[in-house]
């Protein structure tokens, strides 16, 4: 018995000593950010790591939300930040302060989808104005019933489900609807976890919520998507790949980005990952229910990587209602621009 | 003396009835509570049993629910539990022994006792906050296995302490007195008698503590462990898969650049589609210069690199065989190739295939060599409850099946550990009689 | 020891024995210090927790007045404009705890009485561990259970119940802490001397009368310790409420509503990334500090009550 205890003790001491041995860095691609972009990157990471020539390269993908991802990105903690909106002024400034340069790469398009419960029989389409009445900060504690938004709707409770504050979906939606990112009422079920929203809306007849198209597509039997009235044409358009491609699903179609730390591109594993994504990602994007960019757009993106063209095309502003063809035509800049356009 | 009236008899009958009612009620409530346990297990089994199989246990997480598995979570759980055990058990035993065998009745002991009782009641989420503030940010341990193991280790420490104390307290005083009577010191008494006799009790407590730690989710979410992890931490002394790595050591000067990097890689590998790491058999051209403007030296090497399985030492000798090249393996396991430039010191190695400018510094890294014994401890990780929470959060309902299957694995583990602990305790109670 | 006894007594080994005695004493002293440090480390851990919580909360309260924190009726620290009233989180925490206690205390007490006064010895030996298994189930599994099974069931009984609600989370949490209440109360009741029971039976009392009128009052301090520890446990429970109670800070006392507890807020905020030093990051710690203080009060009360019952007989 005593011998065993002594042995155990010796083993333990040896272990403690070992823990002071220096640790070596691993070959690792660190990615974090948007839960909207997550399914794309997860698919790419899975395929990437399955390839034999990438043996030994490890990829981690976190889901901190676009804002959360950028917070880590501008501190240089991660190589790639997933984003469902462009980088914003304060993130841009902080990146510059920390000497972080980045390459902005649009990788897909998404249709931000407004959903209600399938048992909801009184609404099939909605205007941006109506959405604003529901979601603006002034509505907090006041707009609590459906008929307050539109008198033709019934006098029943209005239950709101929306993206959490660290999510780019939240930023994009508030920008498109309320005209200012993060400006929103606070009394709604807010979650970074899109399943919370899907579960919430699918079990609540009087609910309305919004999230990325992929999460709707996976739950079409439990949710009903609303057509969004395009403010330019006045026509109500349902979210679909075609409507995103021809630009009629506005202002709710939006690009999904990755931001790559320029310094990380010097690591071959990161460079290889990015190139793999841009070369072989399109079918994966489609598989996970996003709209891939046109082939020439991925070529242009590869070009950006090869030429190490840093900067953002959006000047630190969130831009709603961007057309899919516009995405590479805008000039890049490392500076903050005064106006959004 | 009072006689028994009918009223008394009916009163007795009534009380008997109440008594019976309560006996039944108690049994019913107990059955209900245990029924919940059964319902929980069957619910999980109904949802998840079909998914549970060898494939599920040995696959990495995947975007396709049908392919996804818990391999990384199982390994992560095992490693985190190992660190937890190494933290909680020795510390807990030592603290328990001190309090029972050494501590004098003074204010310090009183404080320690209240303190341990309080620590046992601190909500697990608070431990997560402590870990975030202390381990992640202050000690800079990152979101690693070490952070998780320490956090959970401290979380279950009170359980081990209490178990140790109870086991030690059960040893009759007479044993200690006998030992002291033989002239043993206190340490000898503890080491030769107290510890061995209380060991089974301590082991039982430790198993219970670990079974508590294995299911903890909240503190690990707080330190940011919710991540897609489809790899295992580096095994101790395991061979580090190596691949060629093109690094930009030199200043990346786009003005001087005439070839895109991938073309350079192509020159190394001879294949455009899979540039690295597995070099195909064949000839490789290493060409270098020390500075832009100096003449280029070239070396051609024939390397038998079929399927990338050439051992590192073979590669080193192959490169060394070339008169212009020298290869060394650094302590970090990094293969470094240096080139002799005539008349100058060996310089940073560059590779280029054009005559106009510097393109890329080049090294072979970081593959090859072996991992250190404890590299794994700083690795990122995922564990079973986190993986389950991740899948519960997925909107795709097929992932709920995976979540249920993970729950089943987790439940099996905890119930098994508890079962062992209960069995140990039962055996212990029978075998020891003072 | 045995070696020393068999060694023939000579002068030189006597000196060696003295040396070994000195060595033994030195080891003993070193060991005592090591063991002392281990015991003291638990105090260090507490200091670590308190330091982290107060340090981060202190920066939080530089931005937010204590009054706003304690009386504000809106909690949106991560939105524009942020509001820092803890009341909605507090109400969520208290309501789920109340629901849980409504399940755990009656059920736990009845089970404890039954196990200690009614169940045959063998029954008790088998059932108590089985009951303890209930508390060994990981909380994330309980959360899944609440969301996937209990909520749909409740929705059939109570029409219009939202998909996330405190009722379902509270009920499941209650079941989860039954073993705590039952196990600790049963210990307390079994510690009541058998003579008290025999006295009661001799007076002609039935088992139910003995249990409730004699044993229960005698064990009251131990039983209340069990209740109080159950409260502390319910207050701090995280995963069940984070998964099943909804994640919307609502100031309400209706258990059918969805709400967020303090612990669930901490989890939700941690799922995003709150950068070190931001007000969002500090708000997690301020919420954590309030939770820690609440549980601390109950834990200390439980500790002293339990000690009293241990010393009573």
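Read from first to last, the chains carry the letters A, B and C; within each, the first residue is number 1.
Here, contacts are C-beta pairs under 8 Å (C-beta built on N, C-alpha and C of every residue); 3 or more make two chains touch, one makes a residue touch a chain.
These numbers come from a predicted model, not from an experiment.
When the interfaces A-B and B-C are ranked by how many C-beta pairs touch across them, B-C comes first. Put simply, the chain farthest from chain A by mean CA position is C. Once the centre of each chain is set as its mean CA position, chain A and chain C turn out to be 38 Å apart. If you average the CA atoms of chain A and of chain B, the two centres end up 29 Å from each other.
The geometric centre of chain B is 25 Å away from that of chain C, both derived from CA atoms.
Multi-chain contact residues of chain A (touching two or more other chains): 32, 63-64, 193, 196. For chain B, the set of residues that touch two or more other chains comprises 90, 192, 224, 226, 392. Each of residues 147, 271, 273 in chain C touches at least two other chains. Contacts from chain A toward chain B in the complex involve residues 1-2, 5, 12, 15-16, 18-19, 21-28, 32, 38-39, 42-43, 45-46, 49, 51-64, 193-198, 215, 218-219, 266-269, 271-272, 275, 288, 306-308. Taken in their complex, chain B has these residues touching chain A: 60, 62-63, 86, 90, 146, 191-192, 195-196, 199, 224, 226-231, 234, 240-248, 252, 254, 260-262, 274-278, 308, 332-333, 366-367, 371-375, 377-380, 392-397.
The part of chain A that touches chain C in the complex is made up of residues 32, 63-65, 67-69, 71-72, 75, 137, 140, 159, 164-167, 180, 182-184, 186-193, 196, 199-200, 202-204.
Taken in their complex, chain C has these residues touching chain B: 1, 24-25, 27-28, 31-32, 34-43, 45-46, 48-49, 52-53, 55-56, 107, 110-111, 113-115, 118, 125, 127, 129-134, 136-145, 147-149, 175, 178-179, 182, 206-209, 211, 229, 232-233, 235-239, 242-243, 263, 266-267, 270-271, 273, 276, 284-285, 288, 291-292, 295-296, 298-300, 302-303, 306.
Per the touch definition, chain C reaches chain A in the complex via residues 74-76, 78-81, 83, 147, 151, 155, 162-164, 246-250, 258, 268, 271-275.
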